[in-house]
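Labels run A, B, C, D, E, F and G following the written order; every chain starts at residue 1.
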Amino acid sequence: MSSVKRIIPLLDRVLIQRIKAESKTATGILIPEKAVEKLNEGVVVSVGPGNVTKEGKTIPTGLSEGDRVLLPSYGGSPIKLDSLKDKEYLLYRAEEILAKLQ
Amino acid sequence: MSSVKRIIPLLDRVLIQRIKAESKTATGILIPEKAVEKLNEGVVVSVGPGNVTKEGKTIPTGLSEGDRVLLPSYGGSPIKLDSLKDKEYLLYRAEEILAKLQ
Amino acid sequence: MSSVKRIIPLLDRVLIQRIKAESKTATGILIPEKAVEKLNEGVVVSVGPGNVTKEGKTIPTGLSEGDRVLLPSYGGSPIKLDSLKDKEYLLYRAEEILAKLQ
Amino acid sequence: MSSVKRIIPLLDRVLIQRIKAESKTATGILIPEKAVEKLNEGVVVSVGPGNVTKEGKTIPTGLSEGDRVLLPSYGGSPIKLDSLKDKEYLLYRAEEILAKLQ
Amino acid sequence: MSSVKRIIPLLDRVLIQRIKAESKTATGILIPEKAVEKLNEGVVVSVGPGNVTKEGKTIPTGLSEGDRVLLPSYGGSPIKLDSLKDKEYLLYRAEEILAKLQ
Amino acid sequence: MSSVKRIIPLLDRVLIQRIKAESKTATGILIPEKAVEKLNEGVVVSVGPGNVTKEGKTIPTGLSEGDRVLLPSYGGSPIKLDSLKDKEYLLYRAEEILAKLQ
Amino acid sequence: MSSVKRIIPLLDRVLIQRIKAESKTATGILIPEKAVEKLNEGVVVSVGPGNVTKEGKTIPTGLSEGDRVLLPSYGGSPIKLDSLKDKEYLLYRAEEILAKLQ
């Protein structure tokens, strides 16, 4: 099982893999790093069960694995795990996610 | 489908396209950039379903696609997507929108 | 229809036109600009429907078009619309308005 | 009608006239301005109807016109109206008032 | 009636007279002012009726006139009234008082 | 009655005596003061009755006299009473206490 | 009984032992200290009973002894007890824990 699949978000948290901008043009020319803007787009990797009310009811997050989403410019907890160094993963509270992308 | 139509705002968020000030006068003379004041006006592009209460009831935002609106001077999440570079889009919580314009 | 009449405040917001201090004395002598103190007085131009409770009930703001009001020293969103440049309009939440003037 | 009587506080606000310290001793000797300490005492000039609950019930402020009160050291909105320049008036939320003076 | 008795605290406020440290030793030797530490002890002089709930119920403060109490290091509104200059009085919200002293 | 026993904490406050680190080694050698780390451990000396709900119900704190507890690094009101100078006492809200020690 | 087992977290707190990064490579070569990144991973050592509602109901934390968890980058109360100096223990509120690790 891949290492990132081991992460089970708690409460209303969602695990997001940020989508990296292409560092080459379509014709294969390398773009200098500074010109590669940080994109605010990500993919939902896994979803917590949702917050629990005082009556014990769980409120689902409304997001699903595989959803492409828009991320806010600030916030999110970056995940530092040994095996994840080549990809960028973050945990957000579901209500911080701005929008889904169809 | 145009790229911006792919963005489905979550909860009570609304996607707004800011209206740019004209950079030419009516007779076609170019206005230097600094003289073009940033307008606080926008058009609603899409609307989230609304916040969900703990009882599971969805509260609609009261805004509709196509509404012309007044934006607050601060706030809003600017959307950075590759295909949107020529227009300025922002996501707001519906209650941040100041007014509708008839 | 005048441009300011196009602005329909949302929720509990009220649109206020600030009352400018006279820049001439009664006998027509010009007062230097610095001596014209900014007044905290305004007129209600239009009123939002009021906030909506989670039960769907609208709470009216208690203010009406034409009310003369006292404004707080801070706060309010100044409205920048092309056609409004000669007058000063602001949007406030109704509960920020300090007092009515008879 | 005196100008200050025109001010009708909104919600739970109360209009207070601050009591100025005497700038003469009992025997008529002038006290230099710095020695006249700012007093925290005031008189209630008018009282708002009180806050309104979501059920539409108005909660009276518990203060009445003419009450002598102790004011907090900070807070309050000073009223700047042309005709009020010789006296010091402030608007407070009722719950900011510290005490009544018998 | 003594001047401090005129002060009727509002809501859940309590009027406290701070207890001053002795500036003489038991044998009458004067202690230099810097060595007299500010004590955090006081006596309750008068007590407000308590906060009022939205249902109109008054919640008593649990403190009584004459109680010796421990004061927090910060907070409290010092009372500046002409006739109170020789003693130190402060108003606290009842829940700020740390403890009673038997 | 010892002076500290006179202190009756209010609401959900608990009176804690901080446990001082030993300033000697087991074999009696003095440890220089800087090497004596401030311990986060304390003993509950007395316990307030607990907070009171708006319905008049008292919620006990869950702590008892004699409990050994872990203290947070920040917070707590140090008690300065003449007779307590050789020991370190603090008042905390019960929910600030991190853990009990068996 | 080991010293850390003596710590009984209160309310919704959980006691976490942070997992230290290896300071040697698999082949036994020492990694200089600066290259050993602080990992955000820990093991749940013990779990408080959970918060108590005003109705007296206890809400369990959803975490169990032995769970491997992801920790937030900030927050947590480090535990300084004499006998714990070789390991790093922290107390968190359960809702601060980001995710479980399978």
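Heads up, the rule we're going with is that a contact is a pair of C-beta atoms (placed from the backbone, for glycine too) under 8 Å apart; a residue touches a chain by one contact, two chains touch by 3 or more.
Just so you know, these numbers come straight off a predicted model, no measurement behind them.
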Nearest 5 degrees is plenty: how much rotation brings the CA atoms of chain B onto those of chain F?
155
Averaged-CA centre spacing for the pair chain G and chain C, given as whole angstrom:
54
Which whole number of Å gives the spacing of the CA centres of chain E and chain G?
44
Sort the chain contact graph into one of these: line, ring, star, complete or other.
ring
Could you please specify the touching residues of chain E with respect to chain F in the complex?
21, 37-41, 53, 57, 59, 62, 70, 72-73, 95, 97-102
State the interface residues of chain E toward chain D in the complex, per the touch definition above.
1, 5-11, 13, 15, 48, 52, 54, 77-82, 91
